[in-house]
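Next come two complexes, and both contain chain A; in the first it sits with chain B, in the second with chain C.
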Partner chain A sequence: MSAAEAPRRLRARVRPPAGRTLGASAAVLAALVVGHVVTSAFPVDERVAAPFVREGAVGDTLDLRYARLTVEEPTGSTVLAPEVGSLLATPGVWLVVPVTVEAKGQPRALAFAELLGGDGRTYTVFTGGRSAFLPGAAQPGVPRYATLHVEVPPEAVAGARLRVGLDVEDQRHDDVAEVDLGLTQADADAWSAGDTPVRAPAASDAPPEHP
Partner chain B sequence: MTTTVPSPATTSARSWWRRNRWALVALPLALALMAAASADRVRSLWWEQGLHSPTTAGQGQAVTFHQDVRDGLGGTRPVDVEVRLDAVVDAGALPDGLVVPAGARAVQVEMTLSADPDVVLRGCSLAVRDADGTRYDYVADAWGATQAVSPCVPADAPGPAPSLGDLDDVLTPDSTPERPATWTVSPVVVLPADVQVSDVVLWWQLPQHVVLPTARG
Partner chain C sequence: MTRRTHTTPAATGTRPLVGRHVRHPLHGPTLRRVSGPAAPPGLRARARSSGSRVARRVLDQPLRRLGVVGAVVLLAATAAFGGLEEQTDDGLEVLAVDEPVEVAPFELTVQRVVWTTELPGQTLSEPGNRWLGVVTTVRNTSDAGVLGTVLREALTLDDVPGLVGAPGDLGVPASAVAVLVDGSELSPVQPGLAYEVAFLFEQDGRTPPPSSVAVRLQRHVWGTGSLDPTAGWRDPTTVLRGNLPAREAVTDEDAA
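Now for the complex of A and B:
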């Protein structure tokens, strides 16, 4: 490159006027601000990832994507008689809820449950441990009779709602049943004073025997 | 003679398209790449979670199935087997202890399989489906009975077990007899009484599976 060519090449790259540069910068900044407002100012994240909550009451059959679910009348006491092992006592209340699962499409093992207590707290029901829900796999068209037991303080009983779903890790974008257990303060008082063991039989395809 | 002189605005618009022509060409490609890159979960969360890649047999015909299944040790091992569905009938003699729930029935899936005795076939899953595609699985330990864990191999001669890597050296060697070259199995599946079976599905690792239509299906 000769010395005479260099200034000509530089001159060829015409700088845009300062006003235009400022205008373009302002437009880019405005676009970023609008993008930020759209993605963060509205609380859409939680709604986008939220489960489809199917609400019902005790005795209703809820039609979920993966199963039909019926929650029966709960019982309670301060002492629980699990299928195996010794009696479990609590300073609170044991809630025992019969749940009937009828799978749809393919066998399903429901694994998620939690109790939304009347005290505003959420009580996790693990697939193992003191509070448990272990329905096992249900074959489509063959009802599976399971019970769920959860240990809660007496103040959580009145107004408690039960949530049941498919995946223990992830309920996003999927159906979750939410059942109002119809419990009152009178139930809480009676159960927190009672020490007659309440049975929690293991899940089975045979209907539970009613005494 | 008059000539039309393009206005400065037209020139500037045309030069913008010209200046950005390669970026414009690359834009659809970049969009396609972006969609593909963000679709990586389609494979792990959907494709590999269901029965999506069938090998279908003719009715009453044997079908040859091949799959390289991941062995959990970073490699693959081949599954090479020939399967034929002989019949799906109401189970005559139920497995010990099996109690059929009310409103359900037990069917027996009779199949003939052939494979080299050194092919690992343990760990298979079996199900029957109705005309709507609803799937009823074979469950080894349910309804009070204990059936073979792998429904596709003889219970007393299931053949080689999958390798566990370095652990193989410290495990007791398999003492079961060699699997015959051809054998039959008849696992029992419990399903609602009014369901008519239209095909049988057999798989080792999803999404590949064998579909065996019944005479009715």
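Now for the complex of A and C:
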């Protein structure tokens, strides 16, 4: 062992006092506790991740980050006539809502929709199934005419609002349109008493024909 | 400076008598296993040279003692995750027909079990097979729509020979859940509505039709997954099971 190595080895074997070790451990634990309190005591995650809701009414054109969206006057019945397949009956009422999408910048396929019922419940609209919204790809500058249909109990009709967005799985940090459909209890009563099938045509770039 | 000397296996370079048969000087051969320190000699020597008494004493402990202490620590740690909570689920309830039961997020009322070889709007995978249908009233009791994938997990069949579907831990799931009035697949299941549906299971036609089937009902819990932060209805657990009679479906013409 050289003369220069001896002091270095001695220094390496010097252990800090037990009090200092305990103090350092307590400081680390305290820092972890403070960090946990800071991250959990203020529930801001939901607000930070919340979508940007753009509100409007029937007939308004809402300017979203990815598209301009217009929701037209809804119709309803207890029987739905989809573009493909047989008639669908419901124990509630069908709402059929025309939606016009004009993509901005690049083609967009809007896939998220849900109905916030006047009864406080949320009615799922999926890309397939009995309650569906499938507008397909809208090209920039070319209006895409689609319809959305959803079955709800009559008590959900009055005061219902429709939400439409881009991603069916995740609406965080992005624009979501929320449209007051302007429906009343009279609409609910009339539609729940009628069995004339209401049409739900498939999405198209051609404007729908009005009878 | 004096240095303490040790006659431990680490110091002498001999291996500890772990797991060896030892011979007692008075009693001859014995099968008792002698438990020695669990740590290898090199690691123990380093612990001694470090001067840490705690490390030295821990590493001198036999494997059996370390195992007991580790098991106690592990069991104590489970208390933080509900390990000491009282187990309340002491068995399955018995399912009966025409009795509404809550299996979140649904209320299900099983009415009857029927079988048929023809069903409008539904296609069998092999000609000659048959459909077993569990006719049920479905209500979504939550405050939001639920997709049909959750509904299919809520009612399954058990111990029925010849079912075409692959059995899982909770029985065989339905091939489809059809709304009786129009034959459409029930999805999404909207809250506040009562649907009359048939959970459909395809059975091999070479197997005789059953006279009874075991129906299992599962409830879900709302929450997020350990890897998927998206909230949803998860973790189906069987809460009711019942053997229900099955019969051939009666058509409208037969009934007339």
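The rule we apply is simple: the second predicted complex is superposed on the first by the 173 of 211 C-alpha atoms of A that agree within 3 Å, B and C clash if a C-alpha of one lies under 4 Å from a C-alpha of the other, contacts with A are read in each partner's own complex, and residues count from 1 in each chain.
Keep this in mind: a contact is a pair of C-beta atoms (placed from the backbone, for glycine too) under 8 Å apart; a residue touches a chain by one contact, two chains touch by 3 or more.
Computed from a prediction, not measured in an experiment: that's the story for all the values here.
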With the two complexes superposed on chain A, say which partner A:Gln139 touches: chain B (first), chain C (second), both, or neither.
-> first
Considering only touches as defined above, state whether A:Glu169 meets chain B (first), chain C (second), both or neither.
-> second
Return first, second, both or neither, reflecting whether A:Ala158 touches chain B, chain C, both chains, or no partner chain.
-> neither
Look at A:Ala190 in the shared chain and tell me whether it touches chain B only, chain C only, both, or neither; answer first, second, both or neither.
-> neither
Could you tell me if A:Val58 is touching chain B, chain C, both of them or neither one (first, second, both, neither)?
-> neither
Which partner, chain B or chain C, touches the larger number of chain A residues?
-> C
Which of the two partners, first being chain B and second being chain C, lies in contact with A:Ala111: first, second, both, or neither?
-> neither
Now for A:Ser131: first (chain B), second (chain C), both, or neither, which partner does it touch?
-> second
If you look only at chain B, which of its residues touch chain A in the complex?
-> 99, 101-104, 127, 133-137, 139, 142-143, 190-192, 195
For chain C, which residues are in contact with chain A within the complex?
-> 50-52, 121, 143-148, 179, 181-188, 190-195, 230
Okay, in this complex, where on chain A does chain B touch?
-> 104-107, 136-137, 139-142, 205-207
For chain A, which residues are in contact with chain C within the complex?
-> 13, 15, 85-92, 114, 119-126, 128-131, 150-153, 155-156, 169
